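Written out below as structure tokens is the structure these notes cover.
Naming follows writing order (A, B, C and D), and every chain is counted from residue 1.
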Amino acid sequence: MTITTLEGIVAYPVTPFLSNGSGIDEKAFRRVTDNLLRTDPAAIAFLGSAGESAYLTGDEWRQAAKLGVETVAGRVPVILGIGELTTAAAVAKARYAKDIGADMLMVIPVSYWKLTEAEIYGHFAAVAAATDLPIMAYNNPATSGVDMPPSLLVKLVRELDTVKFVKESSGDLNRMHAIRTLSNGEIPFYNGANHLALEALAAGASGWCTAAPNLLDDRPRILFEHMRKGRLGEARELFYRLLPLLRFIVVGGLPTTVKAGLRLRGLDVGDPRLPLLPLPEAQRHELEGYLEAIGVGAIEPQLLRCA
Amino acid sequence: MTITTLEGIVAYPVTPFLSNGSGIDEKAFRRVTDNLLRTDPAAIAFLGSAGESAYLTGDEWRQAAKLGVETVAGRVPVILGIGELTTAAAVAKARYAKDIGADMLMVIPVSYWKLTEAEIYGHFAAVAAATDLPIMAYNNPATSGVDMPPSLLVKLVRELDTVKFVKESSGDLNRMHAIRTLSNGEIPFYNGANHLALEALAAGASGWCTAAPNLLDDRPRILFEHMRKGRLGEARELFYRLLPLLRFIVVGGLPTTVKAGLRLRGLDVGDPRLPLLPLPEAQRHELEGYLEAIGVGAIEPQLLRCA
Amino acid sequence: MTITTLEGIVAYPVTPFLSNGSGIDEKAFRRVTDNLLRTDPAAIAFLGSAGESAYLTGDEWRQAAKLGVETVAGRVPVILGIGELTTAAAVAKARYAKDIGADMLMVIPVSYWKLTEAEIYGHFAAVAAATDLPIMAYNNPATSGVDMPPSLLVKLVRELDTVKFVKESSGDLNRMHAIRTLSNGEIPFYNGANHLALEALAAGASGWCTAAPNLLDDRPRILFEHMRKGRLGEARELFYRLLPLLRFIVVGGLPTTVKAGLRLRGLDVGDPRLPLLPLPEAQRHELEGYLEAIGVGAIEPQLLRCA
Amino acid sequence: MTITTLEGIVAYPVTPFLSNGSGIDEKAFRRVTDNLLRTDPAAIAFLGSAGESAYLTGDEWRQAAKLGVETVAGRVPVILGIGELTTAAAVAKARYAKDIGADMLMVIPVSYWKLTEAEIYGHFAAVAAATDLPIMAYNNPATSGVDMPPSLLVKLVRELDTVKFVKESSGDLNRMHAIRTLSNGEIPFYNGANHLALEALAAGASGWCTAAPNLLDDRPRILFEHMRKGRLGEARELFYRLLPLLRFIVVGGLPTTVKAGLRLRGLDVGDPRLPLLPLPEAQRHELEGYLEAIGVGAIEPQLLRCA
């Protein structure tokens, strides 16, 4: 399917590993995916920050990408995350994504040496030239070490035909203001900062890119609907109810906290990959408290298509 | 009048100086006040950051405070800003404010040497003990050098009887989230960050403390009304229309930019006090462009009661 | 005396207050001054950051300035600190300093509203024009809220005849590198960051502006001498021996910690002015430990001329 | 050889790529190495930040590591840099390094998700357990996204037998102070911040880890010798002469600037790997000016053993 618009929740699965840490747990992977599909997302984005993409080998990335496309099986658009230090590796993944039938790419440059704007631009241009898939330019300085200012993000969309969307995870709402202002409201931007979801939607974000549905089911989507329909009071109430958990998963790191939460919900997806450790006991209790306070229940296996 | 609730726009006048810089221009002061009263604010706050309080002598502060109370003459509540380095000076101003009939104090500690939480607490406790006036605890680290975390602000309200309100100007919405969460939504907080007005109201701010009505008339109040009534689309449209000017006055400094804007609108209030300089030519043109784009007109003298 | 060069330790006394906090303790003031003169400083600087200048009324500032000049009585040059929000107040103090016979001014702009470079320049130009006293431009963003980049500091010295020295307290050694490079090594700069004294001298600082001699007697001067004579090993050993105390007084705030330390040494100079509180018990013990480890003894009253 | 002490200059070669970007240029690699050996370094460290280690495939890393060991051929100790996101990959590289005869490992954890101290510790413990090679724990938050405080670095050395050295590249001298203080001067630390080389040596750094000898030949070593012998004046003069270039290579990124500089010196080592771009024309001229001002000449091919 060709994606031209995208509105609502873009859901991010974690990548489950086998218990010995040696590879991807395909069965759990399908379950995680199905669990997200139940929440009625606008799209599913595999191999993003939450998906521990940075910790996979090239072979594993391709395995997970393929499995993702197959599991979703056209039910919603599939987005694949590409976060690479070298342009060559990013281009190779883009081509692979096209080959296996992904619908969109989410591209984040990753730095060791600080990149100039010309270098970031060149990276996107090369990835964009590799396929005709639409691209979401993803800014997340805290994880990637690259901070793309609004002017650059707008330039990427304006000048590169297939770069069509922006995901902003810096947590600075002024960036969203600038993207909207610089583009006369024409460039759709998505919020990746869970703890500012309410305000980002107020500011006009077209959607919310989040791993939260793994733990919160359709509550993020309901928050989105409230805001779209001007039910500000309901949206605010719901947001503040979810906020402790949203903050917790941001502060504790998505793979670590979401994997712990899924296990608490009865869906064991293993642990994050070393050096990342499982969530410590004390924080697991804290997380359990948040889930209970919100009323999050167990994941019923029979509801998952792949069960 | 005893203020127990406060909702909407708290308007901040600048303090006009005579052309030779030697004292307060009382006639212009009254005009600035009347111009704000026309915008139907919930309250008027004299001698805040916008009022160049930090640049006045003690005598001038008392002169302006008295003049403010007299000019408003009970039409709306009068709030007086108290930002002092020493507790003794803050207490003396609080007593004076009570004597002349002010309705509320807005208190901001100012640092040269970094203050501990115990020192900040002691400062507020002493000012609170000096009168029975309600107090708004005001956090603005960029100007005052003191950054009060939400936990301390909530503690001040919880433990000091007359400290009832919080004004947050740090521009960090997480602070507002924390105030609401820590106080179970019971402590009213006000936004002092003009460039985040939309999102702060979305987050549940009870009002917007702003000098913007000097230049934008009742537009900030209309934005507030839109948000209160769930007209999110209209609010967002209006906010983005006002945003270039809101950002401009924050970045350029309120006294400098608002005084320049009032002069452009036909109400000459003199220049800010040295070392602050009048707005440079190029930026004055920029400001003029913003005012025109929004459709801000001249201030008609005949509409001012004191004209 | 006309100061054209200055090399070594510039010692900063605290300003003692009477026990009820209501005014300056003149007897203690003289003792503090004499205690510093015993350490053989290159100059004494009254009413700097350590001297709680920001917390004095105008009358108190003048009283302390006069008392300082009289107590030193020409034994070493006297520098007076001028840190004012308004240019008018700074100019008035400069004139007073000249009238009472001070030898040099140390000028730091203080901000509430962020100052542009033109505003800072204008402030210095006005103070420089007020007298013929040599001026040390003092940069201390953490306390004053004004951060003057090296390019501006060099410009002030180059263009304003009486601005001859720079004191850098930002703690960023790159600033010192830039001052030296931009001025071809011609502008003498002084270090105000106690915890980097060793490295600042290595980088070529002409001296060390410090309140440490109040507690460390001539040890800072000895460190300076070691460095001047290339005894790097001895300098390093001494520096690391003093470092815990140097860090402690920086982190805890100079007036608070130095006053506590002087009391521990038997010279009671009262407490800092509210909202600043006396050093808490636990930290007083910590300070006592540092003094003992260094071998700092009591201040013998009979050694003070004014005893 | 078993390294127990290390003092002086640790020289960092860049990794030359073939003109089409498709692989390592072995001939140029050997020349770069020989050029560094001419400068009489204490050790050579391949595959560090300057060596674009983060941009190599696993195969290329092993190829370069082997080539490095072979080229040095025991003339000085060989250190190999290991900067990996996963502990598994780091352990594998450590074993390979041991197998091929490297003398020491320089280990830097790299983050996508922020690491806790327990996670960092676990990473080092696993790498340390993999071989008996001595390890230098390397802190460089700007490139790796991981900031290890002095307390953690000291703990690593204290508790893990083979972790024996610390390299600090944060550019914060307080870190070096803390390492020395926390370890009673027993843990040798090395400076990785070129622009603070003078001060780091003053603070007691045992050596300077730097790519500067690629462009500055033995000047860094001479600076080190000056400082070791207490010739502070000479050291300072030399440092300020080198400083513009040292700053330039830090700000512009080591692979980009050092490769450009080597080409200017007649030793073509190709370009950095995309997305890194060759140094732009204007900056190349700037660099050329710095080299000329210092008197850096061409690299004579006949002086390189491998020529």
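In this section, a residue touches a chain if its C-beta (ideal position, glycine included) is under 8 Å from a C-beta of that chain, and two chains touch if they have at least 3 such contacts.
Here the structure is a predicted model, which is why all the values come from computation and not from measurement.
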How many steps does it take, at the fewest, to get from chain A to chain C if each step moves to a chain that touches the one before? 2
Touching both chain A and chain D (chains): none
Taking the mean of the CA coordinates per chain, how far is chain B from chain C in Å? 35
Separation of mean Cα positions, chain D and chain B [Å, integer]: 53
Measure off the straight-line distance from the CA centroid of chain C to the CA centroid of chain D, and report it in whole Å. 40
Give the residues of chain B touching no fewer than two other chains, as numbers and ranges. none
Interface residues, chain C side, partner chain B - complex: 21, 49, 52, 54-55, 83, 85-88, 109-116, 118-120, 122-123, 126, 142-145, 253-256, 272-277, 280
Inside the complex, what are the residues of chain A that reach chain B? 173-174, 177, 180-181, 185, 195-196, 198-199, 202-204, 227, 230-233, 236, 240, 243-244
